Amino acid sequence: MSKIKVGVLGATGAVGQRFAQLLTDHPYFDLTVLAASERSAGKTYREATNWILTQPMPDHLATMTVQEMALDLDCDLVFSALPTNSAREWETQYAAAGYGVFSNAGAHRMDSDVPLLIPEVNPEHLDLLPTQQAAQGFKRGFIVTNPNCTSIPMTMALAPLHSQFGVEAVIATSMQAVSGAGYPGVPSLDIIDNILPFVAESEEVKMGQEPNKMLGFSNGQEVEMAGIRISAHCNRVPVSDGHLVTVSVSFKNKPSLGDILEAWQTWEPLPQQLNLPFAPQPPLVIRAENNRPQPRLDRDAGRGMATTVGRLRPCDVMDVRFVALAHNTVRGAAGGSVLNAELMYAQGQLDVFRQKTAASV
Amino acid sequence: MSKIKVGVLGATGAVGQRFAQLLTDHPYFDLTVLAASERSAGKTYREATNWILTQPMPDHLATMTVQEMALDLDCDLVFSALPTNSAREWETQYAAAGYGVFSNAGAHRMDSDVPLLIPEVNPEHLDLLPTQQAAQGFKRGFIVTNPNCTSIPMTMALAPLHSQFGVEAVIATSMQAVSGAGYPGVPSLDIIDNILPFVAESEEVKMGQEPNKMLGFSNGQEVEMAGIRISAHCNRVPVSDGHLVTVSVSFKNKPSLGDILEAWQTWEPLPQQLNLPFAPQPPLVIRAENNRPQPRLDRDAGRGMATTVGRLRPCDVMDVRFVALAHNTVRGAAGGSVLNAELMYAQGQLDVFRQKTAASV
Amino acid sequence: MSKIKVGVLGATGAVGQRFAQLLTDHPYFDLTVLAASERSAGKTYREATNWILTQPMPDHLATMTVQEMALDLDCDLVFSALPTNSAREWETQYAAAGYGVFSNAGAHRMDSDVPLLIPEVNPEHLDLLPTQQAAQGFKRGFIVTNPNCTSIPMTMALAPLHSQFGVEAVIATSMQAVSGAGYPGVPSLDIIDNILPFVAESEEVKMGQEPNKMLGFSNGQEVEMAGIRISAHCNRVPVSDGHLVTVSVSFKNKPSLGDILEAWQTWEPLPQQLNLPFAPQPPLVIRAENNRPQPRLDRDAGRGMATTVGRLRPCDVMDVRFVALAHNTVRGAAGGSVLNAELMYAQGQLDVFRQKTAASV
Amino acid sequence: MSKIKVGVLGATGAVGQRFAQLLTDHPYFDLTVLAASERSAGKTYREATNWILTQPMPDHLATMTVQEMALDLDCDLVFSALPTNSAREWETQYAAAGYGVFSNAGAHRMDSDVPLLIPEVNPEHLDLLPTQQAAQGFKRGFIVTNPNCTSIPMTMALAPLHSQFGVEAVIATSMQAVSGAGYPGVPSLDIIDNILPFVAESEEVKMGQEPNKMLGFSNGQEVEMAGIRISAHCNRVPVSDGHLVTVSVSFKNKPSLGDILEAWQTWEPLPQQLNLPFAPQPPLVIRAENNRPQPRLDRDAGRGMATTVGRLRPCDVMDVRFVALAHNTVRGAAGGSVLNAELMYAQGQLDVFRQKTAASV
């Protein structure tokens, strides 16, 4: 079967680099376009990029020429690593021009007709796309978003519990890696021998809203929010990669600790059933040790796509508490977006692009 | 007025060093004894100690000879930096032998007739001492303890709120400095580029119990616990000094944010009224910036004795939330214990020792 | 005696903040002006500044109004924390306008008629000033510079040795704190769990040139360089403050280790003889332990103005080797510049400004 | 061809874990024995081990039973991760009992008849083994050692230069990762926001001796030392893995920078020619950027077995200088030892063990 041509928007930044890395040699997608601002256009990717990932830049990326952002890119899908403020307009324009847009930006996440997607959690929210296309006048194009990096580990851990026991409220404290702030991001003077008890004005707001949308019910027109009260304390810590979250939860139907463990252990969501390339097996790694998960030891579980949970125990105020961790720039950004695209590909929802590609050959 | 002679038990360890440093040139106390295990006895303090504090060892400490733990030390008060398991017996023996014991150890904190004291919070709990002396057969001796380092910032912030609004429940997540584990303590491989979501089995238990005792009511015989439900998630972070705690609270009498701010700002507890040497002015430093308190910038407030609070805002699950920080080895250990002694001194409760000292001159 | 009015140029940046802090309540100088770019002008210092020092901003600084850079400032001396490229012109203009300029910038350091000054090392180089004033047409104004932060600890340690034994060559490796790069400076992603074996193109050049000027001979017209071959490897390390340098040295007249120790111990240079306010006593702290100096434990020696040396031992390739450390933003920047001004004040070289001040009152 | 059965001595410690990890699924060797002290014996490897590596413990290791150190282990080769003091006797006993011993310990490295081996550097030194076996009365057994972790990157970089240009002298400053001290190793309080200018009394001695043995000439009886004067300053830095070394070198036959680059680029030593499983291709990764190598970005080059060099430039005191880096627990310890064994295997020098194995089947 023919691969689909894909491009990365904002390809030279921190998330853009991760997209480029993860899309190299992908079984479904053929990375043909690296697009960025005028400043980088015309340079090779090696020249244009201050490569910050620990794995070296793949050779074939190094020699690709960076293109300026434009609506005639030689690809059918675009993965957007644009900053939120420029993402709002560009992503709509790309969708209007017929591209499938998979966005890591915050701009459209809470739009009523835009799926905010974790494939393990709410794959059925893709049923919003016809509504979106009709409302926005997109013909073939669309916008699908992935959530904020800090919402991921918490939502992954809560998803199999919410469906069975009904999550009522959550109090969470995040300890977030500096890579979540991009590059140059957090000044080193701010973080050596230090903690910042603040990430961004919007961070705690997103933590409150996004899980409610993802755990909500889509009727195909819009999403009915899950109605979970969420309070998040977001902190920046001297860690390179991996967001750690302590979570206290209360439930409608009070589960035992054993019920929760079983719900986690037996969870086999759609991406794992479909055996998607980026789907971690299992989606939740459950650690029994009392000092896990840890960012340095657990962030790469499932090649950075798994969520690791541990320290499940009763909460003296709410019902239970636990700790969750996920890799913030793999699962929490580029990798999550790629998995969104894989889900649509595997369900045939991208066939229109495959046919076009075939025709154009 | 004559000073009282004091000694430090466990003087060569991390907390013992801090005691020795803080008691140097103290206006009330004359540091005459540094006691430690047999291994160190007979050496000068410089020889016996791997000094880990950033300020150099005071000269007059360096040449003092370390003594072996014994019940005939040439002092009237002892400050105990003993590990919990050896503290239980030794502290009782010292009290029985007529010494006033100010302990940083966990051994006796929850004993029904032992004051667990923060002078700003529960100075009246010293009324347990006659009961203790009668029950234990101590004549002049006694045991007074200070709380766990992580309980301090939270309890300091809650104290003026509890008396006015009635704290019902608290969910807290701590980010604790490595110095809290003593020396050598946390291996560097465990904490570089990492967070440990676990401190010790007992840590979260202490966080649940100790504030309830300190915020409880003493009838002179025992303490009626405050009945606050507390759930703590304790974490170790790559910070040298300063424990940071995120706190969500619910109250009986719902205060506004303004009510809380006013309660904090107008709080003037006893040690500040008495102008005790180690009492920070003010006891609570309130930061308005959205990214404070931070360990590196705020731990030394009030020469390490103040608690800094910030980020006061509504909580979407409980009533309000905020962040609190205190220096864990100054206020949270040795400095807290010295302040306990200062309170008793200023209230005349140590006069028996001053008279003895005067007589012996 | 009347104080001299002083201002800080570039007062809102990292070095400017340190100048403002150190000049607060100075016995010789009265800080009357905080000058910065147009963007900050008109704001209070608190509003204009992202204060990054661990000690809180002094209250009287907080309410001062930041002025725009101009040549009619109400002061007689200016301390320049300007970036090198803007320093070149501004500093000359200020000197031409009659101000005494004490500069931390690199712009004029190697100018033939500009003293590059460490008061302990080459106080006699101030004899260049008449030549400078004549050549540049300055009437009362002048420019005096302090060296690069990394040159300081090495030059301080070498100075008493060079005069006795003749330093021929030096190989040094620096491990430099991130505060040396200013703020925001080094991105945290670059330095967590990492070392950067590079600081700036110019850094190793400065390390080669500046000590040669400072240890050279001034004939009042220009400085004859010392002719020491210096090779420096400069590295950035995950440390907040304090530059550590390993040094291997060869000498003309081969001293024993004892000779070197004695030269260090008996060194009593001019600032210490004059008992200048910022002169550390002693200028060199000599540590006998095999694991000192360390940045965290030794950077604050002499209130950040001392240089700490240790690990003196033979070198199997050159003659001897040792380790030196100094606080890079105190002694290595603002504090060094203040000491330069103190030296001139104490020697009466600033009397012209004191008289003017007196007259203007 | 049949694999050879191998065991790990000291299997539960930091280096032992790395051996166990690297020997899992090895094409030449079959890991059949994990031996440790009495305290661990009888437990499963999972129970006995505080696993500190970032990759999870391989499943088949987890269930292996740890055996007590004894001379009747079911294997033919042993990889020794023993501490130096216990290594001296145990390793000799194992060799005497007929085992081939590949040791990471320092005990026997400088013994005249023991090869101190980097397969890329001095594979011919294995000609010492007949002398060793005759002198020690070993029949089939032998001892082969690998060098200190800090000597590796420097020696790898110097080897192709020494053979062509004759290295005369070296001044090196190391910045060593904390994993080099094992576990628990360096206390976190010593290394947060800090550098230790000291590793161990013996570290700088090893840096001076070991390269001279490895770059020396073996006549089959003993090794004539290379006669290079080496001066090393060893430091501990807040990095998890990867030793960085700045190096200044002088040569007999003065090469140009281009000559050196060419010598590095064209170096194709024996392990690479033999295409040994652990031999990195290329052995030296040459980085052109001015800020490389960096521990976090370059330590995993060649799956942790390559040495990365960069910043080649003239030295103002000696001839040239550069920076070198290698992974200290992979190439610098367990991985280096495994490569030693691979070299002997590929050259048929372990056939006696393969035949025995085949016969015993």
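For clarity, chains are labelled A, B, C and D in written order, and residue numbers in each chain start from 1.
Assume a residue touches a chain if its C-beta (ideal position, glycine included) is under 8 Å from a C-beta of that chain, and two chains touch if they have at least 3 such contacts.
Everything numeric here is computed off the predicted structure, so don't read it as measured data.
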Contact-richer chain pair [A-B vs A-D]: A-B
Chain whose mean Cα position lies farthest from subunit B: D
Whole-Å separation of chain centres (CA-atom averages), subunit A against subunit B: 44
Inter-chain centre distance, subunit B versus subunit D - centres from mean C-alpha coordinates, in Å: 48
Interchain centroid distance [CA atoms averaged], subunit A/subunit D, Å: 41
Contacts with two or more other chains, residues of subunit B listed in rising order: 192-193, 238-240, 296-297
Subunit A-touching residues of subunit B, taken from the complex the two chains share: 169-171, 173, 175, 192-198, 201, 208, 229-231, 233, 235, 237-240, 244, 246, 248, 290-297, 310-311, 315-318, 321, 323
Subunit B residues touching subunit D - in the complex, by the definition given at the top: 52, 178-179, 183-193, 238-240
Partner subunit A, residues of subunit D touching it in the complex: 54-56, 192-193, 240, 296-297, 300-301
